[in-house]
């Protein structure tokens, strides 16, 4: 019963097979191979637009590299205060941008709003003594498992345009958000004003790759050099591209995300019915955030359930109120067995 | 007949199998898994010393990250002017060190010497206006396929100690050099004064990983944060560690290197006998550098041979002298078929 | 009637004279002159300890350079959210530290407390995914004109030691704070746990220089190179050193600060008595923060008073409550004429 | 008899007076003052074009900041291998550009040529694995006291345009070069293709300031933020601007340079006639480079002459050939007394 992270689970068999399938022969290195060429076509098809796609081995690398195309050393990125780029990446964006500033905003459900951004921008009153407001970064699905609607993204996208800012999306759980909304990839991104996307693959069944997707080709201009300089150009590029390609083909990415989301919905609903348990955040993708009473937490630990106790976020929902209560983050993944979710619920019910 | 790059070839079947073998179950992410723990033990066994090992997805990342532990923003790295870090990595070391300076030295066979280094250090006459001389980086095997002897490394290692400098080894082709010398990994590294090693895996049969190995634990102190900040911490760490582990187990790395080196030796010897062909550099590992007369070059192209024409290095051997002559770099890899080498030689002989 | 900034005023005549006095002859450049040597002695005398002192042309440069000796690329500085380094320096610390993170904390009167810091440090729960907590930076006097007591600094200094962190003091208004407390420079700094100080000169009568003072010589080790690399080594060093030396000699710095503080105390007391005016923050050094009703603000503007309307800080005192009210920052400097302060008060009284 | 550096001498009295003259009253800080406004007009008049001018306290800061507008992290600057930015600034350009690469070229008289640059650019054969060739930087007058002709600059400017590169001029000794050529400031800069200039003031009579001048306003767009971030925005801006303004007014800068150049010409001619002395480089501005035989060097030392013994540059002229010979750099400044030059020559003659 491992609910600690999407990354705790392995790799979709289809992706392992794809790696074996491209293994024969000698091909161009550093992305000069046919698999990489096909990935470009497939990604453009998925997004209904000619996009520039660059595999990058990690989500942190994808975020930092894509933001470095938008944010100068003296610039600022506005993001949620709980954003992965702000609290989990040890200064990666700051390194790649040469010393920029991340400005974290509060916001319910780990989400920014156009209103909150407008208010913060009004605080830029020092002229050239303020950093240049260069970009907004949103996470879809968010760090609290919530999902921006297309309308919410569009409102932020419009705000960015009006203020000469770029919009970046950290899509570490892009597929989970997409199937949650039921819209198209285009609607959730460039049609809503997104300029660049960190396209998550690893968490939802990949092995060692995510990808950066640019919807504005101007941002992609020097990206080959940036990626190489960061050490993120993969020498045997076919093995990165093959992962992303297999992930997209035959809707593997959507199937994987649907499995995870549906387990999360089920777990969330049943957990909310357990006496003493309070949902902290509405479950919209593949993560459940719930406040567990001490005896339930203890019973789950005894039953071998693995999950993280989250630092309570006081703006977004109920928090631990009595000693021993915890705010549990339960991540459901493409690889989580339904039986594990069932066993978890039974242990919770048994304790209450 | 592809002799363009070690990276043109695929992945050793044993490594593909190892990836499939670790795929089951849920384990700790970000390196908190058993495979990664075993890798630490295995690497320490290989080097006969407790070492700190960190998988990193690329050689460029390995070089830049390991040098960043030794070289401050205001420091300098002395390396060969043709070193990969100096001419092929688009400023990666400079980025990771926050703006340091790479000082490229000339040297026969793409090798530094203790004498050459001593002479260059004598040019640091400006006191605090010179950058701090922080590290020396050598490539083993070198960019011209030559190999430093243990004595040569030791002389450079001693020089570094005397001058308060660190010694880094770019071991993108570490195994090829090792089997060429026939010494132990310990003798070629820490016993000779090497502080940190970029341990190459990809070029010699890996998929998407190299590794940084520290022989001085002080350098490893903050490396987890550096690697994360660079975006080089792999979320599903078992798939990086499994590659390196399979590479080391059952001497796969040594067998692969022996195959490549032995093909290179054979190709080199036979090519040198072709009329009009001159070897540019003594073949010591898995690369052959040869000046080809125009008609031989043309015949090889017609026969479908793929290889790079190298920018001539005027200090290290014969150079193209008549129009149409080229300095060809021929890379033999673990995956190169002996038949391809034979076919290449026959085409060359046929043309002369 | 200019209350906009300490920087609006000119230079103490004694400092102008000192520049002329060192103008004769040819001397060593880049700090190799006798004036610079004397400055080192004088500063050690002032601080009752052998200190290392380095003139730097600006306060921003002093802050960024001194923090760069303490904070690695993957580190974090804890400071007040309104700290000058956080909101007025356009990412200088981030640039000089190679991409570090400034973590702004709330706190009454623009002051950090040991308790607030302890609470924030408890939020470092992500292990190596959090930046390394490297330093705390406090501003003395603060951005709201308040002053840390020696006990408050000591509590923060102790906290830093316990947590392996360094303590930096931004002393842009160091002299104003010092005469406010009536303690010795040693008591306000190294005896309380301060490791490095940005020693302000410009705001209190200097021309183009502040200085960095290190109380721990280990931090000074590479500072000559850092300062040169930042472009902050002054070629004709005598003219920087002469400013600081004249500033310290004959208690010019203390006299200047006493003048400014005493005008501020007087203005503050009389302003608080004006009907409708509320003091926002207790006046402890040379700045007065007051909420002015619309008609008073208008009358002052009409009378030609120049001052900044501050972004309201909601945690620290009264804020503008009706349309037209402003939070005014009034800075009194060594050069402000008492008549100007009197005229200001009369205009305020006349309007009420 | 100090010939060590232009920076060994003091400040022109006119500049000291100008500082005193702007000292009265309260004015806008950070460059919002009338003196700074007048400087903009004066500089545009000098260059016969609307230019953007920004005082910066040092030449190193001016070089690094101006190049940071042209050179990305993954870019390269081509310069002479002996250029001040390459060997005397401890990595300043690399820091400000976020990790770029300086590529040093050989060249007689410390000068680049269009031919040498063309040849070096032909070595950019690795596509995106090479850094982006972003800028060329030339020093006028050079580090060996030679001067680029307008034709030479124009040839380099044309080459830059053809290759999509920018041209930067390090004008630490701009005035010395200008009076040497006898052309206009416009002819020596933007009319010849220069995009940005580090305009030297300190060495030729200033106190603590140089300035950056942009001939292409696009480069100046974010310069206020860059300068602040680097810590190079002077709070009491009038004192920086007043120095530059006084330097330009009444031809002070040209008169100072003429004095220094004429002493250098005289010293050079007479020194060349001393038996055993060989001129290393043709004297064109205010520096004389000469190889001195041991007994002459000794006699000059005994007579109290102060000068630097230069690291011999083997491409540019005679070098020390017997033990005890030195390559002496003799700098003549606006403040050098003619009597000192005479005394030097007499001591040299007396020894031979």
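A, B, C and D label the chains in the order they appear, each numbered from 1.
Please note the rule applied: a residue touches a chain if its C-beta (ideal position, glycine included) is under 8 Å from a C-beta of that chain, and two chains touch if they have at least 3 such contacts.
Computed from a prediction, not measured in an experiment: that's the story for all the values here.
Chemist: Using each chain's Cα centroid, which is most distant from the centroid of chain D?
Modeler: Following the centroid criterion, the farthest chain would be A.
Chemist: Count the C-beta contact pairs for A-D and for B-D, then tell me which is higher.
Modeler: B-D is joined by more C-beta pairs in contact.
Chemist: Go ahead and note the Å separation of the Cα centroids belonging to chain A and chain D.
Modeler: Computed from C-alpha means, the inter-chain centre distance equals 51 Å.
Chemist: As a quick test, compute the distance in whole Å between the mean CA positions of chain A and chain B.
Modeler: Between these chains, centre-to-centre, one finds 35 Å.
Chemist: At what distance in angstrom does the C-alpha mean of chain D lie from that of chain B?
Modeler: 41
Chemist: Name the residues of chain C that each touch 2 or more other chains.
Modeler: Within chain C, the residues that touch at least two other chains are 73-74, 89-91, 95-96, 98-99, 128-129, 131, 225, 228-229.
Chemist: For the complex, which residues does chain D have touching chain B?
Modeler: 73-76, 87-91, 94-102, 123, 125-126, 128-131, 311
Chemist: For chain B, which residues count as touching chain C in their complex?
Modeler: 68, 72-74, 98-99, 128-129, 131-132, 222, 224-226, 228-229
Chemist: What residues on chain B touch chain A, complex-wise?
Modeler: For this pair, the touching residues of chain B are 2, 4-5, 7-11, 13, 16, 19-20, 22-30, 56-65, 89-92, 95-96, 202-203, 207-209, 225, 228-236, 239-240, 306, 335.
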